[in-house]
Amino acid sequence: MKKLINDPRSVVDESVEGFGMAHADLVDVHTDPIFVVRKGAPVAGKVALVSGGGSGHEPLHAGFVGHGMLDAAVPGAVFTSPTPDQIIPATAAVDSGAGVIHIVKNYTGDVLNFETAAEMAQAEGISVRSVLVNDDVAVEDSLYTAGRRGVGGTVLVEKIAGAAAERGDSLEAVAGVAEGVVRNVRTMGVALSGCTVPHAGVPSFELADDEIEIGIGIHGEPGRHRIAMEGADAITSRLLDPVLEDLGIKAGEEVLLFVNGMGGTPLSELYIVYRRAAQILAERGAKVERSLVGNYVTSLEMQGCSISVLRLDDELTALWDAPVHTPALRWGM
Amino acid sequence: MTVGLGVEWAVEWLTLSARLMAEHREELIALDRAIGDSDHGENMDRGFQAVMEKLAQTPPETPGAALKLAAMALMSKVGGAAGPLYGTAYLRAATALGENADIDAAALAGALTAARDGIVARGKAELGDKTMVDAWSPAVEAADEVLVAGGDAVAVLAAAAEAAEVGAVTTDPLVARKGRASYLGERSAGHRDPGAASSALLLRAAATAAGFPEGSAE
Amino acid sequence: MKKLINDPRSVVDESVEGFGMAHADLVDVHTDPIFVVRKGAPVAGKVALVSGGGSGHEPLHAGFVGHGMLDAAVPGAVFTSPTPDQIIPATAAVDSGAGVIHIVKNYTGDVLNFETAAEMAQAEGISVRSVLVNDDVAVEDSLYTAGRRGVGGTVLVEKIAGAAAERGDSLEAVAGVAEGVVRNVRTMGVALSGCTVPHAGVPSFELADDEIEIGIGIHGEPGRHRIAMEGADAITSRLLDPVLEDLGIKAGEEVLLFVNGMGGTPLSELYIVYRRAAQILAERGAKVERSLVGNYVTSLEMQGCSISVLRLDDELTALWDAPVHTPALRWGM
Amino acid sequence: MTVGLGVEWAVEWLTLSARLMAEHREELIALDRAIGDSDHGENMDRGFQAVMEKLAQTPPETPGAALKLAAMALMSKVGGAAGPLYGTAYLRAATALGENADIDAAALAGALTAARDGIVARGKAELGDKTMVDAWSPAVEAADEVLVAGGDAVAVLAAAAEAAEVGAVTTDPLVARKGRASYLGERSAGHRDPGAASSALLLRAAATAAGFPEGSAE
């Protein structure tokens, strides 16, 4: 394992410190406990959005703190959900009185820690609404699993709910928008390599030179099954078909197509996947109205990608287009 | 011996726990790597280091206070699924023990039950879901049996530790239905659940701290 | 070698096609020969900026085509400079009559191909000025080398010269601005791993688990020397010290600090490097006025980073801040 | 024999060149990987495939026309440093040959000189800089010697091919001072220059196409 780090135990602290220095115009970094808030928060009268989760998915979540998106991000240890003692002060720091939305990726750890934090924040008089993101079609949502994971679609939820909050929607309304995105977004991912958690020092899983892992999450955990390496077009179908199936996308519908890199895959390859995905959507008569291609929800240096599709309507498209100004996503200002 | 266990026992339990988590850190990481995300050993080690710091800062006066302090440290430093689950377990156990300075077998069995119930209340896992519940539930049952048979606090803990270790082993063939390992479906079979393994270690520490010969429960 | 590709020989074509589909609002992609032009080019009265080079450095260059930056990008095969038969029509496509700047990274291949193209474009009546980027302090600029390479600093040249062109500067003035950036920017890079050119199928170089390569270029070529793995802070000094030395940065000076990922390094690690680099600059009394952190000038999936420092003055800062709207760099609009 | 070489020779030269570039593609990539960027074999293979396509589309009528066609194809399809250098070389050689249908030893030696001078004019490399010049310059000298000694066109090419191969080998210990390999400094020593290696192959193809027994120049 070779990493540009000093000490596995200080990775998150030092990285977030550097992040804060590089984006001092946009964010303030709190330490002990560690969390990141939007400069000038709380924004008077505005519903605040707080998200968080294990580190190692950068730019998620801290990279999305700023105008039109998150008010605070709470980074846990690498691949480990943050704890209530971080989430509570982050929630308090950004609450303007209009209430706070917790955007939580559906993992047992995140759910339990955010649940506890929400209870305690509410006991302190803050109105908290939690929205669970569970867009991963690789996992069956059944009694026999912890339910679908929250993966790439999270960034779309954060952007669109953030725009709703910025335009002044109420707590319930913002939560409703976020839940609408969750209902209409699905994702599936593939890994060409594992990734190495700094404190573990060995890869999360090993793939032979001719193997890939289909249906991965974003924590370096193995996926649903392992298959022989295929061409990008074939892999794209394997990811996109179940996504479209599950969403029930029909001819004439408008979508946002999001090809997300897992951290170690060149942008050029993401565009090769995007090309085929857009072709498949066109073949089905769907209209790709908006696109996002890049490394937004990563698993350290893992090679691979995920494909997300979000069913759009005029409202969601307008919220997607609304100005956003964060370290990792910026337009319109 | 019918003499109960005091705060020294509780502190010793936590101290031994911290040592075991440090010693078994890599093993727990390896278990979690197989069916999870490679952090369980790191999380538990970090959490119990925090417990030790807190113990040094504010030495507790009762066993309940010691466990409450541990609960708070675990809740705020472990993170992941295990943090809130262990945090709840230790908090419920502490509440069950109340302010008593001296814990007898019945109080102990009650605290173990409360801990297990706390884990179930939070995590909603059932026996056989391949989680730490598979260590805690047999432990609670064994403790109750010993209690009914008239055993003392040490015997209760010894039985709980032994049953937890057996319980952890029984998770090996199971297909996970809760937590991160459940995403793997059938592929989760053939690996021990890391949380069950750490639970067995923690209960072994409890027995050892009470004077039960170390390792004999294995 | 596992890559999200279909056929090593179609990598560039398919990737650029996907890029064009994803950014159809910003760019037009020409095929046979392949090049990318800004939507609506030529812009009446505006000096046009054309850059290009081997592929594999994405988002460079095509990712920087758009308002306030490049008017055209010419991608060659992976790590192979493009040819005059691509560069000439790209140049012609964006010339409004105000002339065209070729921004050329200093490699023999790029220099020779752009040189030929410039001659022939000029023979067709287009005014062409070439600006050579050579910011890599790892290479001695002497009779015994092909001169310093153009690396990470290229994106800064393209952004700032692009802003000068957008505000209406003349051909000579834009060239002057670009040359001013070249004079004031220096870069040095490190690799933790090699990278695999698709058609080659094996890594460009192999590093042992405890080795890193210092002074790399951006083509997977080995660097100046190989050393034992070190912590991020130590590596940061190794890269930044010669950069500051060469630039002669003094206390009180204002700089832009650019930490660039080589493609396979997590963003979190880039921020750890940024942190130490900013600390070192602060210790020297320099003021980090602007920052850029991310994967902008890459070498496929290589792990590693480069650090660039640009000496700023009010003019350069204003041009840096000017609105830009391209697929990979966007602000102010 | 004093009979000159015609367009058939030129076409055969290019055809054999294309075959050799395909056959040695991986070898040239490997040489370039050691001290460059792993593309030389790929570039040359792609370029000569384009030459073959153009030859098929518009069969040339003179040796000069064949080389001019090759120059254009190489210039537009090879890219990198080698594209413009070989493009210039073939263009200058074509210009030197003019419209002659029949190339004698003197014309051939002149064309080789023009090619080499073109490479030097564009690339500014000197003998010993570890570039393709280290294959071309000895080749030109050997050709001139054979010419002065009264050799025919085949003998001129055979001598050039042999000298180019020796020249390529002499680049092994050199420290590069031009091109991408120069960035490596001392580390470039101990590896053959890929452009010198491809040049030797191309000149061997010229000799073979003229009837000189294949491989005997090695």
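Things to note:
Each chain carries a letter (A, B, C and D) given by its place in the written order, and its residues are counted from 1.
Assume contacts are C-beta pairs under 8 Å (C-beta built on N, C-alpha and C of every residue); 3 or more make two chains touch, one makes a residue touch a chain.
This is a predicted model, so every value here is computed, not measured.
Annotation of chain A and chain C: not jointly contacted by any chain, touch as defined at the top.
Centre-to-centre separation between chain A and chain D, using Cα means, comes to 55 Å.
Rounded to whole angstrom units, the spacing between the C-alpha centres of chain B and chain D is 76. Chain A and chain B have Cα centroids lying 33 Å from one another. Contact topology of the protein chains: linear, an open path with no closing contact. Contact between chains, per the stated criterion, is found for A-B, A-C, C-D. Those residues of chain C lying in contact with chain D across their complex are 33, 54, 76-85, 107-109, 112-113, 115-116, 138-140, 143-146, 149, 197, 199-200, 202, 204-205, 217, 219-222, 224-225.
Of all residues in chain C, only 1-7, 11-12, 14-19, 21-23, 55-56, 58-59, 63, 192-193, 207, 209-210, 212, 229, 231-233, 235, 259, 263-276, 278, 288, 291, 293, 295, 298, 300-301, 303-305, 330-333 touch chain A in the complex they form. Residues of chain B touching chain A in their complex: 29, 33, 35-39, 42-43, 46, 75-85, 87, 122-123, 175, 177-180, 182-185, 187.
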